[in-house]
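What follows are several structures.
The following pair of complexes shares a single chain, chain A, combined with chain B in the former and chain C in the latter.
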Partner chain A sequence: MDRINYIINELKCIADNPKKAMDDYKKATGKGAVGIMPLYCPEEIVHAAGYLPMGIWGGHRKISKSRAYLPPFACSIMQTVMEMQLDSVYDDLAAVIFSVPCDTLKCLSQKWKGTSPVIVFTHPQNRVIEASNAFLVEEFKILKARLEEILDTKISDESITESIRIYNENRQVMREFTQVAAKYPHIINAVTRHSVIKARFFMEKSSHTALVKELLAEIRQLDPKPWTGKKVILTGIMAEPNEMLDILNEFDMAVVADDLAQESRQFRVDVPDDDDPLYRLAKWWQDFYGCALATDVKKYRGEMLINMVKEQQADGVIVCMMKFCDPEEFDYPIYYDQFQQEGIRSISIEIDQESQAFEQIKTRLQSFSELL
Partner chain B sequence: MADINAMKAKELLAHYQVTLDEEARQAKKEGRLVCWSASVAPPELCVAMDIAMVYPETHAAGIGARKGALDMIAVAERKGYSLDTCSYARVNLGYMELLKQQALTGETPEVLANSPAAKVPLPDLVITCNNICNTLLKWYENLAKELNIPCIIIDVPFNHTMPIPHYAKDYIAEQFKYAITQLEEICGRPFDYDRFYEVQQQTQRSVSAWKRVASLASHKPSPLNAFDLFNYMALIVCARSRDYSEITFNKFAEELEENLANGVYAFKGNEKNRITWEGIAVWPHLSHTFKSLKSLDTIMTGSAYPGLWNLEYTPGDWHSMAEAYTRIYINTCLDNKVDVLLDVINSAKSDGVVYHQNRSCKLMSLLNVETADKIQKETGLPYTNFDGDQTDPRNFAPAQFDTRVQALAETMTARQ
Partner chain C sequence: MITMGIDIGSASSKVVILENGNKILAAEVVQIGTGSSGPRKALEQAFHASGLKQADIEKFVATGYGRSAYEDADKQISEISCHAKGVHFLIPDTRTIIDIGGQDAKAIGLDEQGNVKQFFMNDKCAAGTGRFLDVMARVLEVSLDELDDLDKLATEPAAVSSTCTVFAESEVISQLSKGIAKENIIAGIHASVSSKACGLIYRLGIEDTIVMTGGVAKDAGVSRAISKELGKTVVTAPNPQTTGALGAAIYAYEAACRK
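Moving on to the complex of A and B:
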């Protein structure tokens, strides 16, 4: 149990202090870090350059300076990202990579207030045709060339292929982790689960994989205990800040699976096999599913969530609705209807990174838990 | 039979709007296909297959202007749509929900019966294009899912770097071809390429007539009040692949040109200041915004919004058509967006700029600070902004608008 606690603590420290993780990486490797804006950037290309891809997911802080640049109806995560740009938090990054799968990200990609150079690429949204892969390969070629220029290095196909291998291994281990976490909620509570997953945004992936593998091996030696609390599934962009997850722990709600953009959506699908590594990365986007930011006229997300509930025998779904995230807000009425038809209970809570008061969420989650 | 030749442009505008809705209803009645379309999606493909087109954004704007938006919005909000989402979408999804109920039960819901909304039929397919926002992808996904009908997507990737790369045009052109295979399957007959070419040519004539009208606002004093473009826009959206728009715009241009020749101007002799309006109109308060500016002898002569439909391309050339649909200024990087707006401001001989912080439209609001800053540096022109919404009447405060434009008018006058 000591080793388990040690690894969890190690990952929690990294998740809670990305700056230190980045500085340690720089010290150890002599190389720097590249910022990765949400969502779905081919981090493997950065990894292949030997740089640390650092996830940029905002933070729990008060908004003041960014008010001058964003109206109040920009989403909560971009408000805090903007605030942190203005506080020079990201200026140690060698570059920042933006994808633009929503209107807010298109705008934000054009107004970076930090000092790092910005690289933008666009995901194709007509994902059913082969031509979309060809388009994305060209976008990735430009992204790679710009990175090579900024980082003054060459990124070979072989190194990208190796990075894809490392990332796919991490994805697989993370999928295992979520399964194990569902079986051992006594050990992996909601906050711990989030920290283990979040740490992967600030670590070289093979180191993260090694730690999580060891953690899984240690946990599997223990007998799972029966869980008397409730089992829930989270869906949305992210489930932060930790104060919100603390409430789940308080009311004995175990997260048995998630459909969060910051969590399982990152490792739900592996990068497929093929010869050309950039084509493989492009094809990943075509194979990807169940996210509000990836156009799907069949709207499979609701069915996917229903299947997750059944497989995990979950008691309900908590919709972590990012404040002012319209892609997520458009998905909600569709899957909510499907939940109703299936008799699946759900609750929508607002994710506001700026929030300092959690009493309302606490009351709502408490009644939800009692209802389940 | 209406005598088209005898009608004034304003009458033609009203006549053709009614005609288009009637045609759509008739098509539905006769079992022909009806398509709901995003406003800047290419209609050429569907029109070539004789599909009746309905435009939810225009329809929603009309409902908003007739003060019927809140009833539709309430229906959408009961379905779970957040009040933070686009109000065009909420109005339309509310309207769709009522039509669906009507179709399922055979009874017209009271709120629909009492709505001032123009009556349009449910679609058999939808077509969307994200050149003016990705919201149109989400909205149309939902229409297709709710009605279990096909959705044609023309995805025009955000142009973060200009000029538009060849590979982006390749991708868009491939989607036109894919859309044709979808249409062939939906219609159960081969695509009519000859008709398609004719429709492309018609579209170019309509666009050219539209540009002819808009260019008249460059005269000082102006024979055209650009608020009229907001009204006439209905036809460049809904009928650009038909001759209805060409006929109406040419008639309007002739009237304006005649006025210009006779020294008759939009504001008579009272044109004191000229502004460019950046953003969508505030449809439920269109009259207030117009009158407020007019009371200050301030005329709108520039707006980049109607220019979204300057879709010039070479018929028969896939790449050229792809470029026309993707180069929409809000689908491009900030520098290009600013360049387009600068052109509008300069050709409108503007004395100032008004930026609409539109609660419904993130893409047309979240870069306003940077856009205004760059334009101000380039032109030295004063500007203001106001909080509004294209169709949700609750998000606009007349007093704030009045105060802001008064201050702008004072600054503009002081500079003269």
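Moving on to the complex of A and C:
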């Protein structure tokens, strides 16, 4: 258990202190970091340049300066990112890359107040035809060219191919991690689980893979203990801050799977094979499924969540509804209806990174655990 | 066997002492809530009314907003579960509970056994809660107890916003300035609270019997407004402010029996 606790603590420290992680990377490699805005970005291109792709997902803080630039109905990820930009938190980044699958991201991409140069690319909304892939390849060519100019480096196809291999290995290990975490909730609780996953945003991926592999090997040596609490699945954009996850721990609710944009949606699908690495990265968007921001006229998300509940024998689903996230709000009535038809219990809680008080969420989650 | 439940809300503290899980020996309410002397005073009143003392209590459950900070109870259970338990005991046909307290409103759906099937709560907003009525009563210079009788005199309910208590207060002040009768404004306030509550009920699905609980249930004008909007009978639970504490006392009894 000592080694398990050591690795968990190591990953938690990285997840809680991204600036230090970036500084350590710079010291070790002589190269800096490129900020990656939510939600889905071909980080492999940045990785291939030798730079550290750093996830930017906002943070738990009060908003004040951001109000000058964003309306109150912008989600709290964007509000807190704006706030931190204005506090110069991101100015050490060599560049910031934006994908813009929602209106708020589109707006924010046009008004970056930090000093780093910004690169914006667009995912095709219609992603089912071959032309979508061709479109996205062109977007990635522009992104790559711009990155090469800013970083004063050349990014070869071979290096992108190698980065895709590293990233696919990390995706595979993370899927294994979520399976193992489901079997060992007494070791990997809700906060730990989130920290292990979040740390991948601030580490070179092969380093993260190595640590997680070692963690899994250590855990697998132990016998799983029967779980007497409830098992839940989380769905939404993100499940933070830790004070909210602590409530799950307090009421013995184990997270046995997730469908969170910040977590499993990042590694649900591998980048597929092909000769052209940019085409492979583009095709990932076409193969990706189950997210409110990736157009799906058949709305497979509900069926996917129902299958998850059955596979994991979960007791219920906790919808982590990011406040003011329109795409997530639009999906909710559709899959909620499907849950009702299948007799699946669910609750929706509001996620707001600005929140300082958690009693309302505690009441909801405790009540939910009592009715399961 | 004597058990006790305490419901520590934002605006009031309620205690119920129960004998053998079904006979109410005391049901006391003090109109101050968590973080105050309210819980202690409610306990003292309940012991005085029943002639009992702490040592007579076999098991004690706390619920309500202030339950986590209250360390003297044997267990803490959410107010959703406790209201369901308490109301099912009083009115077994209940399938929908509308609980409107000092700072929140809940719609709770029950099955035939009185178990909670689903619930919805208002989010971070005083509109449609007891706090809303407090603010309006102050502006109108009436007491909360007068709201029901004045509502009955209304001829044409005024339009009052249900989005925000502060904006609604401005509207009410504006209407008073225009000389609109207090009774009509009060009817509009009741309709505003009703629309917030009904918004939660529509999400839940309407199923008879519908029972109203919480401090706001003492204002029959609100239950009449809800009944009018839903087109359904709304029953007010007996002693509606204490149903949560009653449910907590029943949970305490069940736990004591299992021991």
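What we mean here is this: the second predicted complex is superposed on the first by the 372 of 372 C-alpha atoms of A that agree within 3 Å, B and C clash if a C-alpha of one lies under 4 Å from a C-alpha of the other, contacts with A are read in each partner's own complex, and residues count from 1 in each chain.
Assume a residue touches a chain if its C-beta (ideal position, glycine included) is under 8 Å from a C-beta of that chain, and two chains touch if they have at least 3 such contacts.
Since this is a predicted model, take the numbers as computed values, not measurements.
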Item to check | Which superposed partner A:P327 touches (first chain B, second chain C, both, neither) | outcome: first
Checklist entry - Touching A:V120, do we find chain B (first), chain C (second), both, or neither? => result first
Checklist entry - When the two structures are overlaid on chain A, which partner does A:E359 contact: first (chain B), second (chain C), both, or neither? => result second
Item to check | Comparison of chain B and chain C by chain A residues contacted | outcome: B
Checklist entry - Just chain B (first), just chain C (second), both, or neither: which does A:S367 touch? => result second
Checklist entry - Where on chain C does chain A make contact in their complex? => result 65, 68, 76-81, 104, 115-119, 121, 123-124
Checklist entry - What residues on chain A touch chain C, complex-wise? => result 345, 350, 359-360, 362-364, 366-367, 370-371
Next on the checklist: Which residues of chain B touch chain A once you look at their complex with the stated criterion?
Outcome noted: 79-82, 84-86, 89, 130, 133-135, 137-142, 144-146, 151, 153-155, 157-158, 160-161, 165, 167-168, 170-171, 174-175, 178, 333-334, 357, 359, 362-363, 365-367, 369-370, 387
Item to check | chain B contact footprint on chain A (complex, rising order) | outcome: 68-71, 73-74, 100-104, 106-111, 120-126, 128-129, 131-132, 134-135, 138-139, 142, 292, 295-299, 321, 323-324, 326-327, 329-334, 336-337
